[in-house]
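These notes open a run of structures that come right after.
Below, chain A partners chain B and then partners chain C, in two separate complexes.
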Partner chain A sequence: MKIFNVRTFLLLTALLAEAIPSFGADQAKPFLETIHHRRTLVSTIPDSGDLNPYAVVVAPVSAGRIQKGDVLITNFNGLTNLQGTGTTIVDYSPVTKQLTTFAHVPQHLPQCPGGIGLSTALTMLKSGWVIVGSAPSTDGTTRTLGAGCLLVFDSNGQLATTWANDNIRCPWGNVALIDNGSSATLFVSMAGFDVPPLQVRDPVTGYPVTVNKGTVLRINLSIPEGKPPVITDQTVVANGFGQRADRDVFLVGPTGLVMAADGTTLYASDALGNQVVAISEATARKDSAGTGRTVSKDGLLRRPLTIAMAPNGNLLVLNAKNGQVVELNPLTGEQFGAQWIDNNPAQSPPGNGDLFGLAIKPDGRGFYYVQDDVNSLLEATQ
Partner chain B sequence: MALVLLFAGDVFASPPPKMGAAGDDRGIHGCSLLRGISRRSYGLGDICGLREWLSKYGGTLSFIETSEVLGNVSGGINRGPEYDGLTQAALQFNTQKALHYYGGTFNVSALQIHGQNLSQDNLATLQTASGIEADRATRLWELWYDQKFDREGKYDIRVGQQSLDQEFMVSQNGLMYVNTMFGWPMVPSVDMPGGGPAYPLSALGVRAHVRTNSWTLLAGLFNGSPSKPGADDSQKQNASGTNFRLHDGGLAIGELQYTYPSLGAMVREGKQTPKGRVYKLGGWYDSEKFDDLEFDNTGLSLANPASTGVPKTHHGDYAIYAVADQIVWISPEDNDRTISVFVRPMGTPQADRNLVDFSVDAGVNFKEPIKHRDDDTLGIGMGYAHASSRASGLDKDQSAYTPGYPSRSGETFVEVSYQYQRLVWWQLQPDFQYVFNPGAGVPNPNSSTGQRVKNEVVLGLRMNFAF
Partner chain C sequence: MNWLRNHQQYLVRCIALLALGPLGSSAAGFVASAQSAPAKDVVTSNWGKPLDPNQVEPFWAEHQGGIETKPQHFTYFAAFDLTTKNREEVIKLLKAWTAASARMSEGQTAQPLESGLQLAVAPVAPKGGDAEDAPDPGSRAADTGEVLGMPASRLTVTFGFGAGLFIKDGKDRYGLAARRPEALVDMPNFGSIDQMVPEHTGGDLAIQASAEDPQVAFHAVRQLARIAEGVAQIRWVQTGYRPTAGDRHLLGFSAEEKIPGMNAPQSQAVWAGKEGPDWMRGGSYVVVRRIRFALEHWDQMPQTYQEAALGEMKHPNMPEDHSQTKVKSSLDNVVTEDSTPPHLAIVIPGRDAMLRRSYSYNDGVNFTTERWPPWRQGLEYDAGMFFICFQRDPRTGFIPVFRELANHDSRLNQFWTHVGGGLFAIPPGAKQGEYIGQALFEAR
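The block that comes next holds the complex of A and B.
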């Protein structure tokens, strides 16, 4: 009988952290201060020519064509550089240092409304299934924005099934995952509910109109032996996030997600609100927490995107509006600092618009990230 | 996250249509010319599968057409508009994809220069109104191989035929302007043999790059002249760009750069964060022979009717320069909106062999001046070129024999330009320039009384297309 699992451990850790304030993240040395090297690993452009790397996920297991520790990356743009038309997931092997195409889906699938444009919503289950979101367009703008879907691939890159329903509208940011093997829970941010066309402007700001309809969807999965996962239920656990069309970056809305150490709280990046929020009881709640509780707002945050949890328990949050990753304490909201991981002076401010995906390395001594200005996977290490 | 902009990034012809890392775009399957044309990076898309095919082997292919009409509505030696055009083609191969060998890039580029040269025909300016002005030709431009030696991008060496304006003396903010001065500046352009190895010319050589945190060192050694030394017209003398000269003098150039933010720089919450900036300090030395500007080989003024007409010869020439690019304002509401300033002074003390002994260009750039025009830039810049004392000395000497002959001093211009990103692959750029004291005060050849060329108003429209 299994009497102690990871979830129990995380819960105990969180309880200890609550009971002893000096324990845990708030006393740990900022993770970013240990990071001193950045290396370009590989071009993320596959043979098909897809561009604009978004999601970065480290494979938790070896299965099929994937080896444990491989880095899976989605491309959001097709070979014309049109946003929302990318159809490939590539696989970088840290062992062979080679990039291969893991999956390549057709541009149009009848069961995927609007077509295919693979977003940052990517994850891999212990059972080997790879799940990815599509936030599609046909002309590279939100004028042709489709509802999108979630696609499920087997570990050999073959499309197994797709999920599309009224709760799924442009799965957008990085997925938070609780994986128990035969069952799993996904949290996916949705940024495509009733997004007005680019031309509809807010008379005050002059920018495209923001609608506060972005959500975070919890999807519980059952994973039968040898069969694709099945959705057992789904719940909108947060809603009301700002989302809007954008000329350069396609969509702006709720993006990054990561589970807290307590195993029940979910942290989310609210890009337009320029904040990181906490959604309490995210694994169990039956209703929406609205936009949650503000954990950290403004300061060093510049339109926060992907969130990951550093080994010291702090959150790493990528900025859209400069080339920085920000480290903050999820319990206190304190921002320890930010590090420039992209200083390309061709953008103003440097690195503006280049970052999106990030994943902690398996050894905890650094992280992988992508830069879409150079279509490359990089690593930052100690 | 941003759509990759073709024109954002690397340096290009002087001054450039800014051009991204070649081939960030492939095009579209098949030969559809219209699908996605409003958002794709290249106007021709995939060229019927060519770009996708090249991509499999690590190859990228890009074409940039710059077409412009500029004209002076006042001043000058003649008036009226003229068309000028440049087609640039570049092919690059990345060895990682082609050969599974990290860090190698092979590059070859060519130019097709068409149209007319307004500055030569109408303006008689030192600082030519357009950076693409050159003799009509179809020519090889660059041909080099670059090898990185580490994955952090700290060391690399480039060997082959190179155009120095692509890496040296570059102001990132100056790249948007139309006037030549903001690309390859006056001091090297006028003083180096043949105008130096810069658009549309190049020279064989080797360039090393070393970077450590905030500091970068660029150093190169090149053939001292891009064409036969002493040629009246270096572009005509090396008409196809394939002279591949190696046995002339040497041109050594070095540049130390300071960049903030550097990769890995930390920022603290609550502390004043410096805004992005790049400072550069450099110098060059060319060991070629250089003619004296005022005196002949017997010590007489070249203006003296008794002169041999053979200038005194000097050995070697050098200059130093500095470049500063600095962001000064970032909109708190929208970080895309920024104001940057730049300045680039340079000079040489060797007035006896250099027509221009000091030049400076500077400006202010407002990115996204109109809200939600994220990729537009409004720029207000100026340039100044000072004629050396020997050059003006020759004019004074001449005035002894031709009463009233004007003496050259300095030429100044201001430029106002708006770069409008119509589509990802198409830029429109209305441009205004006003030139004070054209040619630093040269006499108008069309004036019977030897008057100087009058100040000029130049208006124009440039368009850049990425195909």
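The block that comes next holds the complex of A and C.
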């Protein structure tokens, strides 16, 4: 069974505002066209009862309690299901098929302003350190939004250090990582700068007011042997992204990040701008590129979230407003189509609000993702 | 004859829908086989017979009332924390509760009106100069009076013992820890459906007062709580009601109506036997759960979704929903290896392991956050089901069935949350002159 109806797809692309050429015969087959199966792997709810899985990261190495290939997942909600109160990172082993709690931090840490609500900003270094963002609340709404922090765990799930400073405001989307072992560069999207209260409404849209203060922060790390990573410098490489409070989904702002194949360009999802942008010279630049250059906008995108790079070099972008993953060419912006990986009709449109984290499987023949509606990790495969 | 034809078509639709799930074939098989003659010791064999709503239900009996009793239309459930440290005071409380309940079951006041209120345990007078401030319960009325002149209304009062009676915070307050039945387990967490609020969960003692009149049910608990002053205090309460006809819950369905034998367990599944302590023989174990339904969200679902989720058709008079194609997205051509069984297909295999005697509840509106995308927050109905089930052992009754639900009922799990409840050992009934739970305290 084919995943796309190619004719339908061509019709869709023809309808897009910009006439995008259909992909040529010499181009790689769309990755999503090879994906034919999906199945639930495990419930992501740990013993603590945390809910709402966000980040999905595949462990690059074996270290401590983590085996290479394990899937690490954050939970954004606590036992009482309030958003921004989740305190656990769980570990799914594809070998044993079991889920265990990797890390469980207290709800309040003095060094993390506003408390703990673990977000999609999760990554694991080759040296075994696990770094995760907190975009916290105490009542499940942005009324009590805290500045948050980044937390660093050792590979046994013990908290090693935390980072909080003026550049860190609700680390939000998936982390882009360049890891050289003894040094590393992280890119983290920040969506919590001066977010107006929910009650302040835009008279035109009726939504809470959007402020264009979201950023992407580059953090260079040095990783001394046997010691936690240390920030050597940090630079805002992009700023001016829309961010706002949301009654239902908590926070909307810049989210997904992934490095381009050239090793220097960074792609970012601008959720409120409904676009994917490119930030040039992201690894080296000393100033901000603003909101970067538009790569792909509107079309099949519906408030884009996590971005991952497929083995064929295309970008996979998850939609917030429906249960689809969109594949697009980062060089041309061409959107190849979308696959409905969560079609739960309990939301409207189906899958609305269900997706957030996605990671390509180590063998490149599929991807892992979470469904918030059923608190589960799934895989989509050939 | 038209009715009959409709009913037959309806049953066919039910069976067809059940067959959607992996358990469908066995479930459909059950529908057919359950129409054979029921066994004689089915505990609910009297439930189909009409009853006088004013009548007296027996209090002194082998089993406590309110279990195999045909469900009354209203219930008032209360869990209590014991505040006394004294074993004798617990016994006095149970004696006083037993006597008052027997009287109220016959339509009498809780205590004789002539003598004023008699607390289960008389208050200790303060020492020294405050002696004149000592409360005088005898100056209060023996009964609060709101059901004077009313009939017995089929009142039953059922008493349960929570784990806290046996051991609490590691303390054996009443010398009963060694007599805690193994079946009175600590309830596991059913992650995907549980959001248990501590203030609405647990308790050392429980009272289920059920009647054909809501004031009669509340009156019973109100009197018993009064008598308990100084010994036990209310921890949480829950009201419940059943519709005057049928037994549809607030999602709009009724398994009992549509699946013959859905609620007809054999007595051996309900009453504790030799496997446990002697003092529990002839008793039972009750699991109660306050299950909040996301009704606003549910009401936006197409009928096809609702019917697929429950595994039954809504009602013979409801027209078929013509939006069936919407349930499976036409955009999705990927083979999913997950098959989601309907609710009924999950619960039917465990149907004989417990006696379900549930009520709906409706507690107004309050601010809440739904547990599922799109994560709506706001004022929503605080309404749903007060699920009640009696069984010989929750480890073979409620727990395995609800573990299956938590793991596999993903369509329905997006619309309900278990927010409170408890597990209580229900001792057997008492003979006249005895008190409920006597064998527990007098066992050697």
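A few comments on the model shown:
The rule we apply is simple: the second predicted complex is superposed on the first by the 356 of 382 C-alpha atoms of A that agree within 3 Å, B and C clash if a C-alpha of one lies under 4 Å from a C-alpha of the other, contacts with A are read in each partner's own complex, and residues count from 1 in each chain.
Note that in this section contacts are C-beta pairs under 8 Å (C-beta built on N, C-alpha and C of every residue); 3 or more make two chains touch, one makes a residue touch a chain.
This is a predicted model, so every value here is computed, not measured.
On the superposed chain A, the positions of chain B and chain C overlap enough to count as a clash. When both complexes are overlaid on chain A, the residue A:N81 reaches chain B and chain C alike. Once the two complexes are laid over each other on the shared chain, residue contacts for A:Q111 go to neither chain B nor chain C.
Once the two complexes are laid over each other on the shared chain, residue contacts for A:Q347 go to chain B and to chain C alike.
When the two complexes are overlaid on their common chain A, residue A:T205 makes contact with chain B while staying clear of chain C. When the two complexes are overlaid, the chain among chain B and chain C that reaches more residues of chain A is B. By the document's definition of touching, of the two partners only chain B reaches A:V42; chain C does not. In the superposition on chain A, contact is made by A:Q335 with chain B only, not with chain C.
When the shared chain is aligned, chain B comes close enough to touch A:E33, but chain C does not.
By the touch criterion defined above, A:Q382 reaches neither chain B nor chain C. In the superposed three-chain arrangement, chain B is struck by just one stretch of chain C from 94-102, 112-120 or 400-408, namely 400-408. Under the contact criterion defined above, the residues of chain A that touch both chain B in one complex and chain C in the other are 35-40, 43, 45, 47, 49, 51, 79-83, 140-141, 247-250, 324, 338-341, 343-348, 350, 352-354, 372-375.
By the touch criterion given at the top, residues 1-4, 8-10, 18, 21, 24-29, 35-36, 38-41, 45-46, 51-52, 55-56, 94, 96-97, 100, 102, 150-153, 172, 259, 261-270, 275-276, 278, 325, 327, 330, 333-336, 338, 340, 367, 371-372, 374-375, 424 of chain B touch chain A in their complex.
Note for the complex: chain A touches chain B at residues 32-33, 35-43, 45, 47-49, 51-52, 54, 77-83, 85, 97-98, 138-141, 201, 205-208, 247-250, 299-300, 302-303, 305, 320-324, 334-350, 352-356, 372-375.
On the chain A side of its complex with chain C, the touching residues are 1-5, 35-40, 43, 45, 47, 49, 51, 79-83, 140-141, 247-250, 324, 338-341, 343-348, 350, 352-354, 372-375, 380. Residue ranges on chain C touching chain A, taken from their complex, read 189, 191-192, 194-195, 297, 300-302, 305, 326-329, 331-338, 369, 371-378, 407, 410-411, 413-415.
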